[in-house]
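The following blocks contain the structures, represented as structure tokens.
Here subunit A shows up in two complexes: once beside subunit B, once beside subunit C.
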Partner chain A sequence: MTGIRIALTGNPNVGKTTLFNALTGSRQHVGNWPGVTVEKKTGRIDWNGHAIEVIDLPGTYSLTAYSADEVVARDYIIEEKPDVVVQVVDATNLERNLYLTTQLAELGVPVVIALNMADAAEAGGCAIDRERLSALLAIPVVRTVGTRGEGLDDLLDAAIREVETSPHHEHTVGYGNDAEVMIASIVDVFSADKDLTKRYPLRWLAVRLLEGDENALDKIRDSPAHTGVQALLSGIDPDEYEVAMADRRYEMIAAVLPQVRTAGAGGMNVSEMVDRVVTDRYLGIPIFLALMWGAFELTFAVAAPFVVLIEAGLAWLSATIAGSIEPAWLASLVGDGIIGGVGAVLVFVPNIFILFLILSFLEDTGYLARAAFIMDRLMYAIGLPGKAFIPMLIGFGCNVPGIMAARSIEGEKDRLITILVNPFISCSARLPVYILFAGAFFGAGAGGIVFLLYILGIAAAIGSAKLFRHTILPGESSPFIMEMPPYRLPTVWTSLLHTWSRGAMYVRKAGTIILVGALVVWCLASLPFGVEYGSSASLAGALGHLLEPLVAPLGFDWKVAVALLFGFVAKEVVVGSLGVLYGTGEGGDALSTALLADPGLSAATALALMVFVLLYTPCLATIATIRKETGSWRWAGFSVAYGLVLAWLLALIVGHIAPFFLGGA
Partner chain B sequence: MDPVCPLALLSAGTSAIVAEVRAGKEMRLRLAGMGLCPGARVRAQCVDRGSLIVSVGDARYALSRGIATKILVGELEAA
Partner chain C sequence: MSNRIKEIFGAVLGALYGGLGMLQIVSAVTDLALPFVPASFFGGFALLVIGAVLLTGARNLAQGLDEGVVFVNVGILLSVAFGAVTLLAAGAGALEAAIAGEAWSVADALAPAVYLAVIGAAGLLAWCRAFFRGLVAA
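So, the complex of A and B:
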């Protein structure tokens, strides 16, 4: 048996990715807001002797693609022609979900409906007669609960059955006399074009053309039937057809619904009551800020004992190694280089995990989608759609997925601005730098300082967006429309899994890129042979002294200059490099003490340094992503240069005014 | 049905029927996919200076004032 390609499609936030993960055993990121999946993902399974390829597509409301991620979904279904399309349908929101079903059915591809979140619908007292629905639509309907992996076997069986039973009946909506006559004449003209007939279902194409779909017009541009169809279309008003046809689809759905669904008692709507409070005109933003501030405070408080444990472990390891490895240079490589560099970063694992856990929890409850709504007014004022807030929120974890998430933004200029300001959103890689310096120099005030840095990052992003909007990328921002997912109480398991998948990336980075960075710094700090380790006579010292004049106005010495240079690879490397350069292999606490003891570093300098790290050049991975998403090195280069200039200026200002607030440097 | 006012002017708790969507073609087709097309019954849940969260069927959407002023509604029914 040859392979079968199953495409998962459906409206945003109906649980496609959860189902995809359950089917294929992968661990793709799942969120409780629309638009988490921005590109298609593929997984493979063997099922009863069939090699099955499952493709998870970004969510879409209709086959009229509007944003970049919807284009991915539409083009895959139309152009790549999967063997069967599984539409994941949110059982609690049948009406709107079935609109896409009517369009899929029109395409003539075999469709199977996965009636997902069936448990939630049933809990709400809403019973859906699947057999009746299946009979009315002539589409198999399978009950699934993606979160618990229920119904997966039935779904795969049904999908394979659909592929094997051909031909498929095209169950379509009847559009009424006028439209049907037009459709018939368009199909008639097209049927002369054998090439087009092979590529697209003609009825579907005719319907799209009547609706005035630009994309459909592009598809027929080269057809010999083009002029004939244009003549037919010139006599009609597509706007009128568009309204009438949408009407017909919803009428068809309205006729089906009462036959298959017994609605539960409406009752009090908790979501709505919560929404009233958290999106309140006056309370909304204070609640959001309080939640964020609480998240950072809690992160520091809960992580502290774990950090102590890890430090103790590293100290023990370091001492054991120092006493048991010969020759001395090898002990230095392992102790100063590897444990000093990687260990300095690993110490922050508890902080990272706890912050991720809190953010995952907020995200999974559905609150973050409300935050986007609250922020929309603010975002609009700076010339960005509220949706741009989501890439920013994702950017708090890592800028790479943040920049990729900009794909769900409709306008090209909006998208570019969102991408360019994303690096200012403080990603988790910068957190270790803050924790180290804020912890060392600000003690009990550390949580507040870190919170302020995050706010500064947001302010820098907002200010830059406004600047870009008024200079290089002028124009209006596109309107904000976003689905508000229902509030859900996340299970401990999903939140932990979510946290793990993000946190593991951090740990992996520590084992790869940061390890390499630490080793390079160790080599530079140890060479030429015989030099005192990490002294200014070493290669690292020479490099640092070369760069020192550039950062001297900010109060940074050569060690910081070297650390910042290597931070270009990944920002955690700043901490690792300092760990190596200060020769404090035992981990974070020793490094803090060493930093405090350095007469060249004051609280004001530390603050300036944190500001610089927040804003300067995004890491290599981010630059590569900007290049990929904008399709040009020009924008990537611009981002690097702009970040450096902004970081330098703000660090200079902060370094000079901070002493007044801190009571003298 | 005659349009009475833009969606943006509804107060919280009011429901109405969409009469007309005065937006570009692509935007209209997209809104239709979301259930926001002429004939749809919408209800304003939370309102903040023209931006609002509306429910349409079982779905809830947040709309900015910009787009909410382009959706005209009629047959208002206060809560």
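So, the complex of A and C:
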């Protein structure tokens, strides 16, 4: 069995990961917006006697890489030299997609075009002559519909054929007399360096250098040809060459398109019609806010009956166990520790799943990409590109992938700011805390309170970004250019798959981190031996009293202090810890009742606590990701310290102001 | 189909959304209790947004701008979507009450987002297909 490596490349949001999943049976996350994939993913498939390794690369508009994820894609193709590159092309947007094709062709690597989303193009009345396109580009073109798995067999066959028919052909774009003379001169200088000749296609490298590609310049820094090339480049304006060469590529595309494509009827389609309203200068943001409120209202309301059922189940389980387990400490461990701690978190599984289902729907339809677009003006005003809002939106699920998504941000300072503010975006781990306290203290208004907390998280992120931009990370951000993906009706299966992949993570955490956290808190609440469970004389009490002075100005007592301390590991542990400390294993809703009965807690304190949980130190996994993505513990430490200070200050303000609005509650 | 009818539809439905949205907000910030208008600040805000979209459409059409049709169409879609959300939430409330053995009546489900969505749905059924077709072929 022979081995073949296929690299999947293409513009962002053309369906590469969908195709990758269909080819390899993987379940990598896909989304209807650009920049979902930020690092390469690998999958395997056996096909007609070939062991095929498929590599899904981050999207890129061209081989002139600007952002970290584009560099990953470009470097893989150039340095790792896959056997064949499959360029996934959005059939509804051929002109822009073929720009990358012209650059891939220059590389001389075997290329196959997967003409994806062909169904959408055909539905729009657009007909593409694949055979003609293939003949003009001298590249095989295969029709695919990734979402339905159509054309996969033909694609694999074409890729294998392309590998087996090597040596392949190199296709070039004519860049005009001036540029061609320069290219020839640079190639001539390069030819003295045998190593360079072996590693890179020299014409391609010369073109990159003429376009002022810094990354390409790095590749020849150690070459003996470096000085000679620098001398040649010193007299030219790379911007001028870049524009002129791009024009030539588009001229070539413009010559090809009329021969292969019959466009559909003009006019405004449904996507454009909806966009005209939801991206409206004045109505866009209010519509976004109204939809987000609707999402949280639905999350609360629809989950409620399921929560009642889980609470009843836990109450039955706890009562059964309490009556049948001896000795008493073991009954307490199971009832107060495991059921009280883990159960307090599991109760919110329906809310988590429903929120993820709604977010998946908004993401898969393409609406969240519009949300990033309408926030652009606001983001640009604070000195960040609108693109920075996409990692924030991803952060609604979990801050870890949100921070990783910042790789698509081009400027280093922009990327750093985007990373540092992402922990303020309310991830799903905070939701159980909000549901518990908002549900207990705000009743029918709980959905509105949770909505406000999410908005506060966005406001804190935006405000902090502005502060960082004007203090520690000054600079100007680049303008935002974002392609609007067409609206798509997600399939039930896709939405459920997305919901499950994210929701299952929450359930897994309940059985691992939260279980361990609950057991640790139970031990602290039970020791030393003979002490009253969860009393201030226990180790938990001693620890809580030690921390209490720090949180007392916010109105929090020692139990809340202990819960917040353990929430550093994962935010859900706050709820689990409170469940253990209040000893509410006997019933799911008993924790809400216990919190309401606690004279130290009021609606204002609950609000301050929710604000504190929203903003205080990121969880351990997020801190580790900040360290990895910034390459520095300094920034990770800064994120923790800044979050704590901001959380403390805002919780203090909320705790003191809220009673005026809540009628002294 | 005359744009005049769409203009009147957008204006009337937009005004109803705007008015009832305001009442929901006023009910939320005061103790005013109105039948079939539950107190909800954000619920009222959502109605105001739908009203604004519909009224923008009506205004554009009144000014002779065909683009107003787009706003009326999307306003109708938002109306139906929020109606469905509110109805779903009410259904879940009924289920919760049944599980917990509490009382629940249909009146609990009657909120402006629901009964105004009936008018929106009528517009969707009557016109939207024609709206979309007209626009695509434009």
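FYI, the second predicted complex is superposed on the first by the 633 of 665 C-alpha atoms of A that agree within 3 Å, B and C clash if a C-alpha of one lies under 4 Å from a C-alpha of the other, contacts with A are read in each partner's own complex, and residues count from 1 in each chain.
In the analysis below, contacts are C-beta pairs under 8 Å (C-beta built on N, C-alpha and C of every residue); 3 or more make two chains touch, one makes a residue touch a chain.
Because the structure is predicted, anything quoted here is derived from the model rather than measured.
Once chain A of one complex is fitted onto chain A of the other, the partner contacts of A:L309 are limited to subunit C, with no touch recorded for subunit B.
In the superposition on chain A, no contact is made by A:I455 with either subunit B or subunit C.
Counted by residues of subunit A touched, the larger count belongs to B, out of subunit B and subunit C.
When the shared chain is aligned, subunit C comes close enough to touch A:E297, but subunit B does not. Contacts of A:V270 after superposition on the shared chain: subunit C is touched, whereas subunit B is not.
Of the two partner chains, subunit C is the only one that A:G447 touches; subunit B does not reach it. When the two complexes are overlaid on their common chain A, residue A:L289 makes contact with subunit C while staying clear of subunit B. Comparing the two interfaces of subunit A, the one with subunit B and the one with subunit C have residues 276, 280 in common.
Against subunit A, in their complex, subunit B makes its touches with residues 12, 23, 25-35, 37-40, 45-46, 48-49, 51, 53, 55-64, 66-67, 70.
Against subunit C, in their complex, subunit A makes its touches with residues 265, 267-270, 273-274, 276-278, 280, 283, 286-287, 289-290, 293-294, 297-298, 300-305, 308-309, 312, 447-448, 451.
Put simply, subunit C touches subunit A in their complex at residues 40-43, 45-46, 48-50, 52-53, 56, 67, 70-71, 73-75, 77-78, 81-82, 85, 88-90, 92-93, 95-96, 99-100, 132, 135-138.
Per the touch definition, subunit A reaches subunit B in the complex via residues 60-62, 64, 66, 92-96, 99-100, 211-214, 238-239, 242-243, 246-247, 250, 271-272, 275-276, 279-281, 284, 369-370, 372-373, 376-377, 380, 385-386, 479-484, 486.
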